[in-house]
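The structure appears below as structure tokens.
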Amino acid sequence: MSAAIKTPRGALLATLLVLSIFPLFGSDYYSELLTKIMIMAIFAMSLDLLVGFTGLVSFGHAAFFGIAAYAVVLVSPQYDPSSLWLVLPAAVLAAAVAAFVIGLFVLRTKGIYFIMVTLAFAQMIYFVFHDSPLGGGSDGVFINFKPELRIGETQLLDLGNAAHFYYVVLLLLVATYVFLRILLRSPLGHALAGIKSNEHRMLSLGFPVFLYKLAGFVIAGALAGVAGFLSACQFGFVTPEILSWHQSGNVLLMVILGGMGTLNGAAIGAFAFVVLQEVFSALTKHWQFLMGTVIVLVVMLLPGGLSSLTQRVRRLLVGGGSNG
Amino acid sequence: MDLTTFLIQLLNALQYGLLLFLVASGLTLIFGIMGIINLAHGSFYMMGAYMAFALTSATGNLFVAILLGIVLSALIGFLLEWGLFSRLYKRDHLDQVLLTYGLILMFEEIRSMIVGDDVHGVRIPEMLSASIQLSETLSYPVYRLFMSGVCIVLAVLMYWLIRHTRLGMMIRAGSSNREMVQSLGINIDLIYRLVFALGVTLAAFAGMLAAPVSSVYPGMGNQVLIICFVVVVIGGVGSVWGAFVAALLIGLADTFGKVIIPDFAGLTVYLLMAAVLLWRPEGIFRRI
Amino acid sequence: MSHEVNRRQFLISSAAVAAGLALPSAPLFAQGARKVRVGLMLPYTGTYAALGNAITNGFKLAVEQGGGKLGGSEVEYFTVDDESDAAKAPENANKLIKRDNVDVLVGTVHSGVALAMTRVAREAKALLIVPNAGADEITGPLCAPNIFRTSFSAWQPAYAMGNVMAERKHKNVVTLSWKYSFGEQSVAGFKEAFEKAGGKVVKELYLPFPNVEFQPYLTEIAALKPDAVFVFFAGGGAVKFVKDYAAAGLKSTIPLYGSGFLTDGTLEAQGEAAEGLLTTLHYADGLDIPKDKEFRAAYASAFKMQPDVYAVQGYDAAQLFATGLAAVKGDVGKRDELVKAMESATIDSPRGKFTLSKAHNPVQDIYLRKVEGKENKVVSVAAKALADPARGCRM
Amino acid sequence: MGELVLAARGLSRQFGGLAANKDVSLDMHRGELHAVLGPNGAGKSTLINLLSGDLPPSGGQILYRGQDISGWSPDRRSRAGIGRSYQRTNIFPAFTAFENCRLAAQSRAPRALHVFSRAQNYDDLRSAADRALEQAGLAARRDVVAATLSHGEQRQLEIAMVLATAPSVLLLDEPLAGMGSEESQLMVSLLQKLSADHAILLVEHDMDAVFAVADVITVMVTGQVLESGPPDQIRSSLAVQEAYLGGGEPDDE
């Protein structure tokens, strides 16, 4: 199995350390930015399960992100904070159910057609929220009170509190990462890898490939739901734009930018994408031109994404001795 | 709804559907033959519309502008294929999708840098500016009928090109097996370049043709892109005939959706899509 | 230039992020007397880019006229492109409030984005001046001491138009607009006045935003044969609608009226299809107001183009803030005094002098305008000193 | 003769107007190696694809232990015990030989819901995989990445993967193609060993091998069964000689 990906334990732990102490020293704004990056990292990793590990290039992953965010809105009472116990499972469940239903449709197609059909279905969900009064229509909808975690009368966590929220996001990021790592080593993970490598053979070996893909699709959708839940909580504001095809494109870009099928790459991609946006938009009015140029250049010149860059540099320094 | 109104709505549906076909046909050609999902298709439509505006202002005549625009957009398509896409055929579909995603951002900003962000109109040529009285209150602009006529002519031309010409045969062969065609000594690279240029030109042409009616404004490409994708998804992979049927179906669904179930007008097209996919996961028609 | 400072500071701060370092929240480059930090959050890309630029120009013109100062204080700008993307709005607003520590937030065009900004500003207690977005809520349920608007509410021009159309003896009217809150609020405002004056809205038609396939609706209007049609559209959609309406031959049989921006910044594209259309707004061409003439001349010489209503709103945003700054001598820490000065200000606007309502929305004249050539010529004052009812505002 | 396991009854398959298989009937018994011979384009691969479910039939029936399975999907047939190998090597190139077989074995025990356990920790799957590698003569190459195996070894792996799924029916599409003589020898003896308790369908061009191992031979021409019977009967059949054996060397492919 392609378990040849060596996880640089040291780097991971160092990252975790920096992330866990950052709010103690960093300014509010950068803590929030980092929170956003971590949310996007969860989102990107969930997509990596499909794109990088199962070979399903979904161009509609934002649908599940968005559905979870809207679930938060619909479940939250108007004048009281909602309970985390209720909202998080509800949001994740909503995303998973949506992934199940959409999966039944889209997984019947393959390859390039799959890309298009996922795009079209996500767009359909976009219009459901955009054109129906369900979630405030095209103007979006606000959450007046963020969820909180209570046991009895004591409030343990308040997601409206930036510091609480930061650590909840960090915790969920780590949990998602660990969960995916475990999943990838499990029989299901191996089966998904087999499907990516040779779907036809999996079928003739007796794997009910459709069901496995559906399982992967639902899990990825549910994890995207975790990210969507967090995103709704961070800003307390949900609009149809969070499930537009641009969002699907952006998260796909994060996965590619970082290097797909590595999990770490997805997180790196999320970081790079958000930081690039920050830097470019501060540089010029026409910053999207720079963004577009970077995308084109990465695609043309860096097929393995940013995480392949380190290998390339290493190879260059070492002198081409090793063959990757 | 009385009969006259119904017939006029039917005309509206057909007219919208035909224009949709024209925009989507280039997308489905490139998609079916080259296996590229061209997200920048909407940008080419936008580019065409802006060309119609700029060239009509410069030459004073929409038809001259369209002719120049066709040459320009074919050239752009040719260069893009040569410079970018031809280097990606060995790669995953994903890379091509992302490439076109990046191009959208670039084209939109290039447009902003060159022409600015204002809304512009394009004049309907004098000879087509009349209207035909349909009911006592409503008349129908001749230019819209002219657009529909052009769309029908192009549909027939494309059908003929693909069914009955050598190029069409090669195109059909190329769509099924790139290596095989190559081994027959046919220059597949050239065919791909031509097909891409044709696709770009079709999108730009649709933009130019529609410009006098739709006017030109920033972000107009994104609006047509998604609906074009729905056309292709419903019609089936790379099927020009499928795109034709799908575009007309969407025209009907959209027009009558707006009249009959106004509260869900934005959704009717997607409900149609879901229904079709439930019945046929790969669209109505699977091949050219 | 100020923009340069912004960028440098940003690069340093992003380096700090990368290194995981702390970043002092005090401004890094403050030297000598403290500059007033103005955050412009406006669309600089996408459909509304032209509007964002006009507002920015208007604002900067006011500063320039004050000798590079606003109410006596030096100004430092921080800009963010909001892309008219509501999904990014809270984050973009935070960028200016928390990262750049701006003293005032100015924005924006898109109502959805502005609503999100208002929420953020309320929570962060940041001073916000809205230079365009007309969503009723901003100076309605969301009103707050720190929220101001220098444009209008959706209700205002629509309400004025309701009276105008009733006076013009139209009895049965069909309305058409995009299905989003701004459109719905416009229709509601119109309906309130029109039906109070004895008219009847026969049918309210809505199409999904930003769909521009109007033909089915035109056919339906032709079948309904109302006395007149009232619409709300803006930008590219407004251009297409006005042209389609004329091309369908409806313009001569069923008069078309519009609220707000149906014919603003779009006349060049609409051509003769727009000729003679009547609309209501708080600004018009050919106003006999000295301030307007002076403003237009200054704007034209500074930016080599004619100003529009958006430029006026940006200009007034700067004027409003200048009044407050002058009252506290640039000490933005004195928030209460600043707000007090701002809410009691009389703004000498190119549109004519206006004051602010208790909910901080302009109490202003709404003009009835008629399209003549490339201009929205003023016909009359449709409503004198019209104040938004500010429903839901508890201030 | 062992029990009748898999049977084709009047099976046909059309591609456009072309009949690739027409009214094909044959029986496969446990303990019997059934070889299919025929020139290129005779419809041998189509037959295997029909039996394995890779292609849906245009007409006729496929009976598995008396049950009509014509409508079953390939994976369902595989789980029921019908294993197949491919003419063109069809493996997981990035995985090791062991992992290829371990994954194949996993298909018998779908543990899709065991998300929190390591795939590598299931002893039953590991031993099934190792046994299959051993049988196919690949034990020494256990931990080599499949893509770097030699062509012959990949053919062996192809068979090993099928064996790891513990099938009762084996549909083998030219398993000897591209193998060296030593490897062929090994494979032939493996087939002989397997035929004791499996029902095997063997499509093969290597005449010597076929006549050496087959219990029953069916000769196909242009999609139809020309003759079927024990090797001796086929060898002496005039019809077969005329249509096939006598008509010069059969095509290579």
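For reference, chains read A, B, C and D in written order, and residue numbers begin at 1 within each chain.
Here is the rule we go by: contacts are C-beta pairs under 8 Å (C-beta built on N, C-alpha and C of every residue); 3 or more make two chains touch, one makes a residue touch a chain.
All figures in this text were calculated on a predicted structure; none of them were measured in a lab.
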- Task: May I ask you to list the chain groups that still touch, directly or through other chains, once chain A is left out?
- Result: B, C | D
- Geometric centre distance via CA averages, chain D-chain C, whole Å: 74
- Between chain A and chain B, tell me the centre distance in angstrom, where each centre is the average of that chain's C-alpha atoms. 32
- Item | Distance from the mean Cα position of chain C to that of chain A, given in whole angstrom | 36
- Task: Name the residues of chain D that each touch 2 or more other chains.
- Result: none
- Message: Going by the contact rule already set, what residues in chain A reach two or more other chains?
- Response: 127, 130-131, 286, 288
- Contacts with two or more other chains occur in chain B at residues 108-109, 112, 265-266
- Among all the chains shown, which pairs meet the touch rule set out at the top? A-B, A-C, A-D, B-C
- Item | Residues of chain B that touch chain A when the two form their complex | 31, 35, 37, 39, 84, 87-88, 91-95, 97-99, 101-110, 112-113, 226, 229-230, 232-233, 237, 263-267, 270, 273-274, 277-278, 281-282
- Message: Please output the residues of chain C touching chain B within their complex, sorted ascending.
- Response: 45-47, 49-50, 53, 205-208, 210-213, 215-220, 222-223, 225, 235-236, 239-240, 243-244, 247-250, 253-254, 265-266, 268-271
- chain C contact footprint on chain B (complex, rising order): 1-2, 4-5, 8-9, 12-13, 15-16, 108-109, 112, 116-121, 123, 131, 133, 135, 137-141, 143-144, 213-220, 223, 254-256, 258-259, 262, 265-266
- Query: Which bits of chain A are touching chain C when the two form their complex?
  - Reply: 18, 21-22, 25-30, 32-34, 36, 127, 130-131, 137-140, 142, 235-237, 239, 241-242, 244, 247, 275, 278-279, 281-283, 285-288
- Message: Touching residues of chain C toward chain A in the complex: what are they?
- Response: 6-7, 10-11, 13-14, 16-18, 20-25, 44-45, 80-81, 85-91, 94-95, 98-99, 111-112, 115-116, 119, 135, 179-182, 208-209
